[in-house]
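Shared between the two complexes below is subunit A, which has subunit B as its partner in the first and subunit C in the second.
Let's look at the complex of A and B:
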């Protein structure tokens, strides 16, 4: 992914995540939310918010962000909930795209390369 | 005041264990975000998120917070629609999600539940005991029982049909803002007469204490019947509600509606053909099957008072679920097409039509935004008017979102004053403090401040909500 593609992906992600209403209906569907006894940053809703605030510059890339995003199992259960009751977002696809963007940064030797 | 995030985290970890404390900014931002449409700001981001498992740990957290004068914001699931859930100032965010034990005691006639259990999960457990939870928020998949009782929200439930959720609370375990643990109420199904401190904490919005155990009466699960009625105009539904109260007819448990535009969007979202006009939906309850059927038949006859195009009892549960989804999820379905800015007007019932018309005029003439539409749906039989400014885009700046929210709030507050209402669903602090000050004598707000100060001298819990900070 070259810089131009990264920029397009970033803008697509920001536009899509802006649709999330923070209703949190998706959280219970997530296995990671369940095993962490309800940690919201380990839930689909939380991952979308983290991506948003990472991409708009409010958050810096650090280990907890990477743990949160990479903990997504891509099972797609949150997609079903969002489709039926929320904003009809392809949540797992957005997280996958976000991870991909992040990995582009990692291979260039950012501080979280160790992860 | 400078606070060392790591130091706070270390101290909290000693109380709850390090795996239950988060001091990273990412987790803090996630918890700070709520359904308010504008972005989280620096001032909202907590120093730490702490996730205790019992009242003893909460007691220690609050004693520490008082010693260090650090505010503590209580978090259920963050679904408040008036900003109660967003921390107004930096502090410790106390998440109740680990506290979700429930024990049902049929032989005692009550159940006890910890605050963090989601409403849908409480309902599932009670259903096994043939009991009904008298709480009906649209966000029940994720909203917590603690948050619901802390706001005493009726949501879909018509107060005149069942009462408010707080009417079924027998007692609490509460951690006071200064850390003492107290118990209120009774283990009998008979509630105390006279002064009942349980009532101080029902609807206290986390200002007076942290609810750590709730004891609620078991209500036998009623039989339900469902009615759907189509009307040429929303005004006919308003006439029906006014006439229902005037004639002294016992109201349905739910009496919901979608106005002409909301009905089109809601029905389309669930795959139903476009309805003509506005739609009303009712859930009738009774404790015998024959009673529910008789009530439904009688109510169906009564509905002819405002000449619906069609009104019928829906007997197929699947059909009812689809129709009901168009209403229950209407808020999210509208939001897919843009943004909605809501209001909560609960007029004197004989003024329902006047209040509705006034709300329409206000919303179609906003100063903060042009070209918005008016849309309305919700708990009209309560009566609650949720009048929305509907904007068919999400491309609005944070400043404009705030401006629309504030203008909507201020102007619709005037209608609650003009028509004798107060609200019945979204809570009365956070964004609605200005209403309290305008509606009642100054002494009433001062009384609330004094009560808060008596229990929370350092203003630790949910700081900023009683001040009306945005």
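Let's look at the complex of A and C:
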């Protein structure tokens, strides 16, 4: 992925995340949030916030961030709730897109570039 | 949570290397995916093929790889060990995984029966798709799940070229992950994509009356259904398994979270976060076992994740393909 494509993906992600109305209905629907007994960073809304601050440069890509984003099941339950509540964000697809950006620095043998 | 960055990086790099090197997520050169078809004499060529994409056949090895990875995790902070693991995987991984998988005869038999059941059911409704045997490719779904989009392109094009060279026009998939890839993701990477892709349950449900006639043995047991996330939310295939089960004489009951609201089995993150996977699969199993002691699934990943609790909870997990095998 070249710098230009990286910028476009980053902007697309930020624009989509900005559409979130923070209703947090997706939080309770997330299996990981349920089994971790309420850890916000393990819920879809928390993951979107992490992605936002990571892309804005306010967070660094460290162990807890990777743990939060890569533990997403991509099961799509959050998408379903978001759709039912009328916002229709594809939350799990946005998290997957976040992983795509992060993979630039994670896969070995690549010129590592910080997101 | 500790060392997650290092660990995920190792997993992503190994997966990328394996797929680029041999086209297989496990990096295995040995053809392990054709054994189930021994003696079936399936045609090797045809416009319509059955694509297992190695998913069921991979199960005994996935169990071993997941356990090897979990035991290697604590050592990953030591410098150079990641590279050693990667090198070991290249030169010895194949043999180690195959040897360890010898102990997983039960899941191997379940996978074999499921695939043979699918073939019998298709044959009962007059369909005899070809099978590509050793040429059968892997769909690349793990690359997609983990956001390795840069490497998907190359893999997808390779698979598509292979299918085209075999004159394939219609693909019958056996698992939701592969069907999702070929139906929803491949067209994004290939211009003028013209492959017809169907899940075998779609075909069986369209011919459920004919399937019913072919049944030699009724399965009168009561089952609770665990829907797959990909199958319901991504592919919209919800009623197909219900119609087929009804045709087999099964009584299906619905759990609390079902159909479009189904809960995940935890499988997609087992590659790196086994502790979380176990919490999720246990929680789902508790929910399912409240309804019935017989659970029917339609996805190989759900099958291996939920069956871990068979002994502990006194339940039995069946793949719908296994039930077709018993009934036909």
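Here, the second predicted complex is superposed on the first by the 106 of 115 C-alpha atoms of A that agree within 3 Å, B and C clash if a C-alpha of one lies under 4 Å from a C-alpha of the other, contacts with A are read in each partner's own complex, and residues count from 1 in each chain.
Just so we're on the same page, a residue touches a chain if its C-beta (ideal position, glycine included) is under 8 Å from a C-beta of that chain, and two chains touch if they have at least 3 such contacts.
All values reported here derive from a predicted model rather than from experimental measurement.
Enquirer: Record, for the superposition on subunit A, whether partners subunit B and subunit C clash or fit.
Expert: fit
Enquirer: For A:31, is the partner it touches subunit B (first), subunit C (second), both, or none of the two (neither)?
Expert: Once the two structures are laid over each other on A, A:31 reaches subunit C alone.
Enquirer: Quick check on the superposed pair: does A:19 touch subunit B, subunit C, both, or neither? Answer first, second, both or neither.
Expert: Only subunit B is touched by A:19; subunit C is not.
Enquirer: Can A:99 be said to touch subunit B (first), subunit C (second), both, or neither?
Expert: second
Enquirer: Looking at the overlay, what does A:71 touch: subunit B (first), subunit C (second), both, or neither?
Expert: Touch status of A:71: second partner only.
Enquirer: After superposing on chain A, what angle in degrees do the C-alpha centres of subunit B and subunit C form at the C-alpha centre of subunit A, to the nearest 10?
Expert: Between the subunit B and subunit C centres, as viewed from subunit A, the angle is 120 degrees.
Enquirer: May I ask you to decide whether A:62 touches subunit B, subunit C, both, or neither, giving the answer as first, second, both or neither?
Expert: both
Enquirer: Contact-wise, after the overlay, does A:79 reach subunit B, subunit C, both or neither (first, second, both, neither)?
Expert: Only subunit C; A:79 stays clear of subunit B.
Enquirer: Can A:45 be said to touch subunit B (first), subunit C (second), both, or neither?
Expert: In the superposition, A:45 contacts subunit B only.
Enquirer: Pick out the closest CA atoms of subunit B and subunit C after fitting on chain A and give their distance in Å.
Expert: Between subunit B and subunit C, the shortest C-alpha distance works out to 10 Å.
Enquirer: Once the two structures are superposed, pull the subunit A residues common to the subunit B and subunit C interfaces.
Expert: Touching subunit B and subunit C on subunit A: residues 62-64.
Enquirer: In the complex, go through subunit B and note every residue touching subunit A.
Expert: 22, 24-27, 29-31, 33-35, 39-40, 51, 77-79, 95, 97-98, 100, 116, 118, 120, 139, 141-142, 329, 332, 335-336, 394
Enquirer: Which of the residues in subunit A end up touching subunit C in this complex?
Expert: 1, 31-32, 34-36, 61-64, 66-67, 70-77, 79-80, 96-103, 106-109
Enquirer: In their shared complex, at which residues does subunit A touch subunit B?
Expert: 18-19, 21-25, 27-28, 37-41, 45-46, 49-50, 53-54, 56, 58-60, 62-65, 68, 81, 84-88
Enquirer: Please give the residue numbers of subunit C that touch subunit A in the complex, ascending.
Expert: 1-5, 8-9, 12-13, 16, 145-150, 229, 233-234, 260-261, 263-264, 266, 268-269, 272-273, 276, 279-280, 283-284
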